[in-house]
Each structure stands twice: as structure tokens, then as C-alpha cells.
């Protein structure tokens, strides 16, 4: 098996563990913001898109890549911003 | 930088994250057993020892490797067994 | 308009129908308040307090009665009825369903009589509901009477001289007074159980942390009140209640059915099955008593050592607070019948109309008519 | 050995020194128990109960007194003293520090007198500590008396007829009775504060959820008891207490100093600053009273409307349970002085020796000697 | 070296996700994750030998603009559909990247494992995309919100899935590009089939699941272009999203299977709706109530007969104490006729040792009602019924009430929408600012108190 | 392929550790981790081209035998030193592996990063080893248990560390094997210096920290031999061990720095000891108490004056309810003179609505004392003083007591070792089965109740 693949799998498995563990019990009010934030992170595919759009020579590939960049960008930018809007309800600093 | 090293670092960082997250708040009564169990896991160096003792040709290396195997074996076997003994206090199945 | 507050002369009655605070509210609405001297003394309100808020304190009884509206706690005694101006108005507990004499004379004198007993128990009238406020006082006082009469502690006590078990208190009748009795006895640490014929009372009893005794004898309410039981139901009830009564250290009874004498819940035989030192407080003794062996106004030790008390005038035992609540009820109702400083009896007002037992020579309430032997239909006319 | 239980004849005394249960324990130890007829009746123990456990019920008073050991609640009255056999023994509250007459005659008749008042309050003697058990009853009954006397509710009530604020109760003297009073008043829902000269009492008051009033006047204890205050301390105390008293709806006083008449805590002037309808229950009235205006055995309305009650025989208000605890105390002490069915007064036993006020013509307790004007040293001999 | 920088970005995602899962840190978590993303993009741009700057710039600018405007303007109530749509974009992006890879190289000449990952990224991305579109449509009301069931649904689903698998095997075996596109197409159909049967109320769960998928798709592209930041980020979202999905199901007392099968189990669904009562009331969970309380400055508790029936006096006191420990000002508003006897609430609260000073009369309570953040109505009904104030035809018109509806938020705890003593309906329950928390008061309070520690 | 198998083993470690951190699953977690280890070893043996079977077999047999016998025979009370010793073996093994690598290759001719990792494994392994040996010695009583302080301690430590760093740089620069050995030697010294100043009571924290180190050492060897199972396992233990160390410090209300500086901060240490009272009492934490209660079948609560002073009646009731919900049978044993007035405890518990049936008289309580798992003594003192029963010279001799010492475990909650009303010492506090939980009763009970959810 290709060592890059093995590395990939290792990294994938470990990251999956981290993902499982990092989410403790979440209060329902946070379900939507958390989902939205996680969704924005999944926009990391943006760097794949940039790579695809940026380094290929093939026209179709470039076109698809550019489309991907556009879609991923909506996902990332919209995602983080909208998450932040949702989270503004928790903004108030608690006095003690 | 060597790709193996990069992979190693990536894996190391991810595993560290997992380690941090996997230990939630632990009741003090479990401190010693958990420490003991973790200690047994750190005996994983045993496979390094086996490798060192098993595949080297150099005498000193073999000797050190064999010593390492012996020490690691004590750590692993003793560690798991003694942890199990400590944990027997939690054995009783709870009636409900 | 002139409002009179004669002194209550019934022995044991310590309450007053209007407190200085309530008087002040009326005076602010241009009502002339006339209070008989010493009327509030037993409730902790000296005459000075009334003059202080602008009321007139008069020493003549007659002057206090000579008013457009007389407010009272208890019903007028025969002599007092004569002092009431012909065509005048009176407000208070007027025993409209039990004293034919009073109702008859009020009608004959063309008096407008507003009786708290007849006030509809609807949500909007709760601020005027003197039955409730005074029953609250009665329920509380009944427990004090019981605790005082009982040779036992109410609470449990673990001491170097042994463990005293908590008193077992049984409350029969869980209306307003009964519920208050339950709450008070529980406060003192007794183990309380209670019974009422109305099925919904069980939940209310439990909502006070007491145990509800559920017997098969139940009577759905007519409006908010219980109906009287048939004879067979009653004897079944006695049979089923007997063991609970026998097992109690203290029994407090508060059962009543409007317009009837109080139902008998504890028979002679049941008293005899109780142990020496057990206590019965019959808080319904004024309306005939729930216990066959009842001495109204007295506390006596029965032959077998059972202590039986039939306190009357229970609310007077907390005269200050009972008067304060009563005066608030009076105030709420009076404010409803005074328009621009004039007494206006608006019979289209469900609440006023309900409370109004006699008006311009008519007897208006069905139960009162029944009492006087008048036909029900006439009223409709 | 013969143990006599004469009937208590003091008016208002409802307790009995030995219950049938306690009698049974003694009979099992071969003691002959003689009970005067009707001795336990007011405490809920009919004669049959005594005969039922093997005691002898006698109708003659003399027969009950004619015993090796007589157990009593209260001190013997003059006539009763004569019935006590010369050289006999008696156990009970014998007023050894306050009644020179009783002590003198007990000594003269060579009686061995064991007085609960003199029992050392050490841990091992707690089962015999009748002062505590009866003070418990007194504290409870004092609150019932106060609640009964007060024209106010103790608990807070939010009702359609206005909100009744909770009664403010002040307890002065937080010994056994005072603490029980605090607990009982809190149970009823009052807002309770309390004061005692002993500094450690503050924590105990707070441990019952009440507010401790801390004044600068403090008196370290002598043993477990408070010492009497100097005159200047006392007037300072009055000055500091006055505003608290004036602000209260109910004041219950229980302060005492052994061998002295009760300290005055509420002066005439303080009573006059209280409001009409306020209540003072002076539970120390039997030993002189904590209130300058005190009517022992009575409840009266003072000129300014303050209700003052000086109940005596408070424990008798819960006669059944008070007797049960008392009998347990008696039993514990009697079992200590009976060896193989014989009465043995072992003066090397710290507890017995402490309780023993007269023995073989000697007055043994220091306070009792002081009372009789005897020198302290003589006792040592 | 660049790999280590990517690793740092991945670490930012981990930290961001962790902080996102607690209210106190959520906002900063989002920012950390965002910065990680920014860094990852910058690194990529600098590191790769970018040829087509123009295409990227234009595409990125358009995408960013759409994202900014949309996120700014969307109504708070339309958040769920926006998340669904964004998720669709993410899925589409992954599928497109996979497509670009396909276009750029000859699949047949590529390593098999790369082929597999490209195929997976394409398929999962496509499922995510089409599923999200349907979810968006349902939430936005463009597609019928209710569960859509049709005969032979199960059979169709199985069939389509088999087709997809078959196509995938064929594509890999032949290495034909066309085969890959077929798989992508079938995947689009699967996405649609998967979401259609799910009811509108369950849509957030599906969106969350699709979100988890879009993470997997991203990870797939990571394998394809051998980029560990993508793998880590994708795997993180994949697993965290899955856990979140499961938790969302738990919060609804459902299993994930049950949600996905949706229309098949319509009987169950009906029960669930009935439990939640009329759809026009807002049914809250213990955690919602806990958050509302924990972040309030002033809370007034309005006890009623139900609190007495539940004998929950100690539980309410416990909750009040915990809120006070957090700095919330807590009072009790006592209505004169709450309960079934005069002073009923006094007895109850005295048993729990509530200090008298904390009890407010109706008038005092009404005076501060408008300055109160949360009114917590516990088993009270008639005494907070606005009809008594507003509706002259109501039988209780004229009875004074505690005007809880003047507070910012009203939380009503009771077992159902059943009326109280007066036997009349209560419009309060349907007000916008009202959350209904259904349940026995005792149990409800205990659950809220427990949830407090999470928020 | 073999790497994926190693990955599976690593996953077993993760799962094992997770399960180990909760009482319910701890035992199975240990087993999972153990199986993972077994698998890893088997994989290694099969996969590597082992030449020296004999050496390995002998070494492994000896090691295993020692491990088995030791683990079987060690006394429960000697667990901490055993863990310390095992940890030392682990450290030694890592150092030896690093040594073997050194011996097998010419460092100078090796990649720098491999050199670095070998050096790190060697150094950290050596520190772990020597530190563990000292910790073992202290716990076993071979080395003076108290913190050992000497003048210029700080200076010496700094110096030695500088030497180590210098030697390491030199070794890497020159690639001389000898340099590596020097670093190892100096590391041994550092281990000793690190542990010596720490007091005996803090030793478990140090052992835990060293445990974390041994993980890092293992990870180091993993880098050296490029084995990801080693890296993952080592990193796991390194980070998990560190978190555990921090938690242990928190449980003692100390910071890690504070513990490690030990003797330097003797003033603080003195306070800590005073707080914990006489060293011969067993001071418990809230979690210890929670575990004792949660796993009991029957608990009797013995309230005393301190419970009233703390006004903790509602808190005890809350705890009792939670225990009952877990199936524990809970009763209250009321001593006739507990508190300061007859019936004091009755008033108190009535306020908290404790059912009368749950109150046991002294006699009844004593009858079931021997069959009670935990006696929870709350602010009571004289009434549970065994001297009243056993010591004729005691001023309270003859007073009946609640014989809590007949139960399996006694938990005493009070603020200090101060006497109660009678003013006399209580031998109960020093009994073997007694745990003292110091603190105000109210706060203590709240903390125990909170901790219940963790166990």
C-alpha cells in the first residue's frame, strides 16, 4: 500500500477520534450554531478547490475548480459569519 | 524535512489531542488506577525493544535491546495486572 | 353618603368590620364613616386610629346604626335590627340561609341586605370573598385550639428521654378552612391526613403534603360546594371513616353544606372508639357540628378521656388579621356599590345581585326563599 | 422495695411521675409499685393501665406515700411532707434552691431527697435530665400560648384579601425551653429572633434558622448555666433590648439563673413601648417572671393593649408526652439507685451524689445550704 | 514545512470546535476556526504554484460576496435553511473538486486508491448537495414540509443504491471517466431520496447528518490531492457532526434511524407531535430553559397550584439558589389566589425555606415585570391568564393577574395545555415570547437544574 | 498494511484510556488496552525479521514472570510504590531502546532528526527512570519521605540542566556516541534532583508526571524507529498523563508548580498539612465520598449539631434523594442528644421534609450498624465518640452512642478535628475505616452531590 495512503488513513482515524471526543454534551440551543460552525469548517475543501483551479491546465478542470472555489467560498464565508450572528446571543459578559 | 518526520509529527500532535480530550474529569479514586493503566500503555516501548533486540546485529545493541524487552515486559505485564487488581473494587454490578 | 360601623356585641366576637386603613380609603372617596366607640378595640384598633384617618367616632350606638350603609361582621341581633333605618342597607355575614327571623325582618324593613354568604364564588369576586378569608382564620385557629387541647406534642421529638412520635391529625372537610388546618398542622410537625366528599379535594390535600383519605363515598360538587349526602351514603361514610378516626390523636372537622346544618361525620360510637387523650375539634359547631358529641363554645373531656372542643368564633382568635382581611373584603364590595358617593345597587351586576338577599321588600336568593318557605318562581318575576 | 406514686395535687398539674410502661420496667426488676388512684388520669393513663402491668392501685393517699421511695413530679406540699416516712426517700422536682421550707423539713425528717434540679448536667446523666425534658415541653407550650393569645397569624399569608405579614417573634433566654420555643415558632412560620446572655447561644439560635440578637452584654457561663448579671449590666441590657422588644409582635421569655429568681428582661417602660395586640408570654413566671408586668397563671390585656400572659404549669399542657419523658427520666435515675431490689444511695457516684440534696439529716448541695444559711464548708466534712 | 503549517490550521479547527460546544466559549471558537481556515487558504495560495490567479480571484470574490451578503441579511428565523444551503455548497464544492481531479487526469492511469477516494468524494459530495437542496426546499417551504411517502419507497431506495454501487464498481474496473460521472449522477438521486421522506420538524437532524457527510467528502478530496489539512478538517467535521446528529436525536428522544425512516413510521411521528402539543406553541427543552435562565439578569418565579401538586417546592428553591450563585437576581411573584387556599404558596415556599424577603406581592411584581428577563411560571395558569385583563368576554375578566407577558421571555412549566381551575384556555401559551416546557413541575425543575451546569 | 494494524492497536489504547476514566467502565478499559498491547507485540514479532529469538524470549519470559508475581503479591497499600517502580521500568526500557539504536548505528551518519529523537528518548527515559527510582524509594520508606531541601538547591538544578543541554548540543554537533551517553547520565541526575525535594504526600503527583514523561520517551523511540503505533501510544500517555497530573493537583487544591517546588515552599506545605489535619487521619475528597456512597448498598446518615449550624438540612436531603435514585438504601440515625436541644435533629430534618419513616432511633440504628456500608456522620461528634463506650476514663463514658465504627466505612464531615460540646477528642477520626471530609457541612454536601454525577 502506498505510504501516503497509510499516513492519510492514520491521520483520518486520529482526527475522527478527536472529533468524537471534542464534542462533549452540547446544550440544544447550541446545536444549530455548532452545526453551522462545523459546516463552515467542512468548507476546508476550499483549499482543494484552490489547488484544483490553480494548478491544473485542463480547461474543464479549471472551470470545475473555479466553480468549486466559488461554492466553497460561499460555504466558508457565509458559514462563519452566520454562525457568529447566531452566537451573538451569548455575547453579554456575565457580571458576577 | 523528511516526510516520515512530518507524518510522525502530525500523528504525534493528533494523538496528543486525543489524549487531552479522552480524559474527562476523573474521580480521585480512579487517579491511581488510571495512572497505572496509562503507565502500562506507555510500555508500548516494548515493540521498540523487540525491534531493537530482534533485528540488530551489533552485540551491544542486542544486549541493550534484550534488557529493554525485559524492563518493558515488567512494565506492561505488571502494569495491566496490578491495574486490574485495583479496579476489582468497582466490580460489583449495580442492582437497580 | 354615610357608612356606619357599630360595635359587634356578640359575646366572643372580637373582629371589626372596618379597619382604620380601610376607612381611610372610603373617606378618600367622600364617604362619611361613623364608627362606634371601642368598635375596633379587641382587634387592636383603638378609637384614636379611626379619628386619625378622619372617621367620626361616636359613643352612641344609635348613631352608628343610623347610616345609609351599615357594615357588620356578624348578623344584627334582634335589638339591633330595630336600629337599622327603614329602607337602609347592611353588609356582613347575615346568616341568610339559616336564620329565617333575620331575613324576614330585613325584608319587612325594606332593607337592602348584602350577605357575604351569598356572594358568588367567581374569580372576579375573590377580593370580596369574606367566607374564604374568615375560613382561613378559622382553619388556623382550629389547629391552635387542637394543639392546645392535646396532651401530646404535634411534632416528633427524639430526646434523651425517649422518642415522642408525631401526632396523627385527621382533618375532615377540606374546604378553605380544612386546607388551612392541614397546612398549619403540618407546619407544627404533625402527620396529617384528610378527607372530603368532593373528589377533587384529594389532589388539593396532597398538594399540601398531607395524605388524602379516599373513601368510596364521593359527591360531585354543585358549583363549588358539596351536596348533602343521602342517608345510606352517610352511614356508609361513617363506617368507612371510623377506623381512621379511631387511629387519630387529633381530629379537626370543618365540613359544611351551604344552607344546611353541618353533616355529622363523627358519631357517638366513633368517639367511643378513640383513645384517652385524643382530641376532637369541631370547627363546624356553630352550624350544628360535625360531631354528634359536640359542645358549642366549650372544651370538655368526654367519659372515655377524649377531649372534645367545639370552638365558636374561631376567627376572633386572630382578630387583628381576620379583621384586616375582612375589612379588605368589605372595602372591595362597598367600592363596587358606591358610584360617585352614592349607594347604587346594580342588580345587573352578577356579583352584587348574587350577594343581595333582600332588596325593596323582596327576598332574592333562592336558598333564603326556601328558608322562608317562599316559592322559587316568584323571584323570577 | 416499695415505690410510691401519689397523685399530684397542685392545681394545674396534669403530669404523673410514672407511666404504666415505666412502672412495668420497675416491676420487672422486682420493685413493688404503688400508684394512687387517678394519679395518671390527666396524663391519659387510666388506673386500669397500671393494674394491667402489675402495679398496685390504691385509693388511699397515705398508702401511696408510705413507700421506700416516693416519686413525684412537683415538690410535696406541706401536708404531704408529713406523709413521707421518716428516713424515707423522695425523687422529683423538689425546689431545693428556692424553698427553704421544703428542704428544711426534708432534712429534719432524715429524708433522702433526690432533686432533679440538682442533677449534674453531664453527658452520662442526660437520660435522667428532667429539667431538659420538661423545659422542652414548656418551650413548645409557651409558643402555643403565644399563638393563641396573639390576634395575629404567625405565618405569612398572601391572599385575595391582602397580604398578612409574618409575626415577629422574639425569644429571650435560649436555654432548652427557649430553643424549643424558637423551633416551634419557626415551624408556625413566624420570623424569629432570639437573645441570650451566654455568648455560645448565638450559634445555637442560628442553628435553628433564627436570627441571633447580639448585644454587648454577655456573661460567660459558670458550668452550663448563665450567671446573674450585675446591676449596671442589667440596665445596659434593658436599654439595648428595648428596641427589639418594641418591634416585636410576640415576646417569649424563658431566662433563668439557677437558685435565683428569674432576671428581669422586660421592664414596665419596655411594655409601654410595645404596640396594641402585641403579646408577652413570660414562661419564667413561676420563678418570678422575666417581665416586670407579669401575672403568674393568667393572661391579661395591659392598659395599652399589650397582652401579657404568665402561664404556669406549661409542661402540663402536653401532659401525656411530658409525663412520658419525665417517667423515662425517673426510671433512669431510679435504676441507678436500685441494686438487687434495694435502694442504695452511693454517694461516690457523681450523679447520685449531685442530685442528693438531703441525706441522713445533712443538706448536701451548696445552693441549698446557701438557701438555709448554712456554711459551705460544713458539707465537705 | 507547509504540512506542519497545515497541521497548525487543523489544530485551530480542533480548538474551535471544542470551544463551539460550550456557550461561554462558542463565539471565540468560531473565530479561532475561521482564522484557521484563513491561514489554510493563504498557505495554499502561497505554497502552490498557482497558474490561474484570475479564475480563482473572480470565483472567490463572487463566493465571498454572496456569503457576506447572505449571512448579513438572512432573518434569524431562516437560519436552519441557510445552514442547509451552505452545506449544499460545501458538498457541491467537494464534488466539483473531485470532478476537477477527474477532468485533469486519466482515471485509468491513476493509483486505485486515489481513484477510490475521488469517487467517494464525488459521490458523497453529490449526496450532500442534492440532499441539502431538498432540505433547504423543505425548510423554506418550497418543497412540501411534511414527510413525503410513496409506495415502494423502500424498494426504490434499495434499487438506486444498488445501481450506484454497480456503477462505482464498473467505473473503477474500467477506469472510464464516464462511469464516474454516472456514479455522481446516481448519488444526486440518492440524496433526494434520502431527504424526501423526512418530516419538516426532523429536518435539522438531517441537515446535521448531511453536514457530517460534507466533512467526509472534504476528507475524500484530501486523500485525492494528498493534503493532510483537508483530511484532518474533513474527518473532524465528519465525526463531530455525527456526534452532534446523535445528540440532536437524543434531545428529541428519537433514534437516528427513526428520524431517517421518517414517513415509514408515521404513527410514531404523530405521537411525537401530540406530545409537543399544538404546533403553534414553542415547546422548549430543559437546556433551552436553563440557558434562558442562566443568561438573565432578573428572573421572577410565578408559582401556582401545579407546583404544589408536584410538591416541587424544594426543587424550585434549589434552582433559585443555583441561579443566584451565578449572579441572577431571583424573586417569587405570589398571586393572591394562586393555589387552592389563601396562603397556599406561602406554606409551600416556607417549607422550602424561601426567605420572606424574596416574596413579591402581585402589585410589586407587576411593577417590575417589564424589567424582568424571564418569568418562570411553575404550574400556574389562571393567575397569569392575560384574558382576565384583555378579554371582557372571559369568565375571569376583571381578576387581577401577574402580567408575565410584559417580561422579555416567559417560560411556562406544566404538563400539558390543559386549563386550570377556571377551566378556560390561556392565550399566554401561544405568545411569541412564551416557551412551554411540558412536564411534571418537580421533574422539570430537576432537569433544568441539571442542565444549568452545561450552559 | 502492518501500519494499519498498528493503528488498530492505537485505537484500542484510546478506547481503553477513555473507559479507564470512569468507574463503571474502568475495568473493561484496562482489558481493552491490554489486548491492544498484546496485538501490537504479536504484530511486531510476526512482521519484523526477528533474528535474535532467543534473547527476546528469555528477556520477555523473565520480565513477564517478574511482572506477574509482583502484581499478584504486592499489598494493596503498596500500590503507589509499585506504580512508581513500573514506571521506572518503562522509562528504562525507552532509554535502553534509544541506547540500542545508538549502539546499532553511527549517530554521526544518521539523519539529524533521528539523532534528536534518539537523544530525547534517551534523556527522557533516563529522567523517568531515576526519578521513579527515587519516588519508589520515598514511598517505600527507603529514602526519607519528607521533602529534602538543601542549600543552593536551585543553583544546582539550573547548573545540571545547563550541563545536559550543553552536552546534548555537543553530541548532536559532533555526532559522537559518547556525547549521547553523557546526556543520558546527566539526565539520570536530573531525575534524582527533580524528585528529591518533593514531599511524600505529593509523590503520587510526581509519579503521574513521570508517567507522562515515560509516554513521551516511548513516542521518542517511535520517531527513532519510525513506528507510528509507538508514536501514538506514547503521545496518548504523554498527554493523558499530563491531564491526569493536573487533575491530581487540582484535587489537592495545589498547582503543579507548587507541588514540584515542594521543599522550596515549605511554608505553604505546612499550611496544607495543617489543613489536612494530623497525618494519621485519612482526608478524603468529595469524589472519594461520592464513590463510597454511590457504591454502597445501605447508607446511614448521622446528623449532629454541625449540620444545624451549617443549615445544611436541604442539602443532605438532596444527597439522600440522589442516592436513593441510584438504588442505595438511605436512613437517618438520630441520637437522642444530637444537637443542642431535645428534638433538634427532628426540627432540622422536618424542615427538609425528610419522611418520619426514614428516621431511626439510636437503638435501631445500632442494630443495623454492622450491616451498613457507609455511616455518613454530618457535623456530629460526641454522639459518635467510641470513647463513651470504650474508655472508662473519658468524661462522657456511659453516654450511649451511635456505634458508627461498626459499619464498613465511616465518613465524617466536619470543618476540622476540633472537639464538640463535651470538649474531648474523638478517636473515631483516627480509625482505619474512617474518612474525614473537612469542610462546612453545607458546602461539603453540595460538593459530594455534584461529584455523584461523575461516578
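Chains here go by letter, A, B, C, D, E and F, matching the order in which they are written, and residues are numbered from 1 within each.
Going forward, contacts are C-beta pairs under 8 Å (C-beta built on N, C-alpha and C of every residue); 3 or more make two chains touch, one makes a residue touch a chain.
These figures come from a predicted structure and were not determined experimentally.
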item	value
Smallest number of contact steps required from subunit B to reach subunit C	2
Shared chain contacts [subunit D and subunit F, defined touch]	C, E
Classification of the subunit A:subunit B interface as same or different, half of numbers criterion	same
Of B-F and C-E, whichever chain pair has more C-beta contact pairs	B-F
Angle of rotation relating subunit E to subunit F [CA atoms, steps of 5 degrees]	180
Centroid comparison with subunit F (C-alpha atoms), farthest chain	C
Chain at maximum distance from subunit E, centres defined as averaged CA atoms	D
Mean-CA-position distance for subunit F and subunit C (Å)	69
Rounded Å distance, subunit A centre to subunit E centre (Cα mean)	18
Intercentroid distance (Cα basis), subunit E paired with subunit B, Å	40
Residues within subunit A bordering two or more other chains	1, 7, 10-11, 13-15, 17-18, 21-22, 24
Junction residues of subunit D, two or more chains touched	126-127, 132-133, 136, 155, 157, 159-162, 164, 187, 189, 209
Subunit F residues counted as touching two or more neighbouring chains	14, 18, 228, 232, 336-337, 342-343, 347, 350-351, 353
Arrangement of touching chains [line / ring / star / complete / other]	other
Pairwise chain contacts, counting only pairs that touch as defined	A-B, A-E, A-F, B-E, B-F, C-D, C-E, C-F, D-E, D-F, E-F
Subunit D - residues contacting subunit E, complex	155-166, 189, 191, 209
Complex contacts: residues of subunit D adjacent to subunit C	14, 41-46, 126-127, 129-130, 132-133, 136-137, 140, 144-145, 147-148, 150-153, 155, 157, 159-162, 164, 184, 187-189, 275-277, 305, 317-321, 324-326, 328-329
Subunit F to subunit E touching residues, read off their complex	314, 317-318, 351-353
Interfacial residue positions of subunit D with respect to subunit F in the complex	122-124, 126-127, 132-133, 136, 176, 179-180, 183, 186-187, 203-204, 206-209
Of all residues in subunit F, those that touch subunit A in their complex	1, 3-4, 7, 11, 14, 18, 228, 232
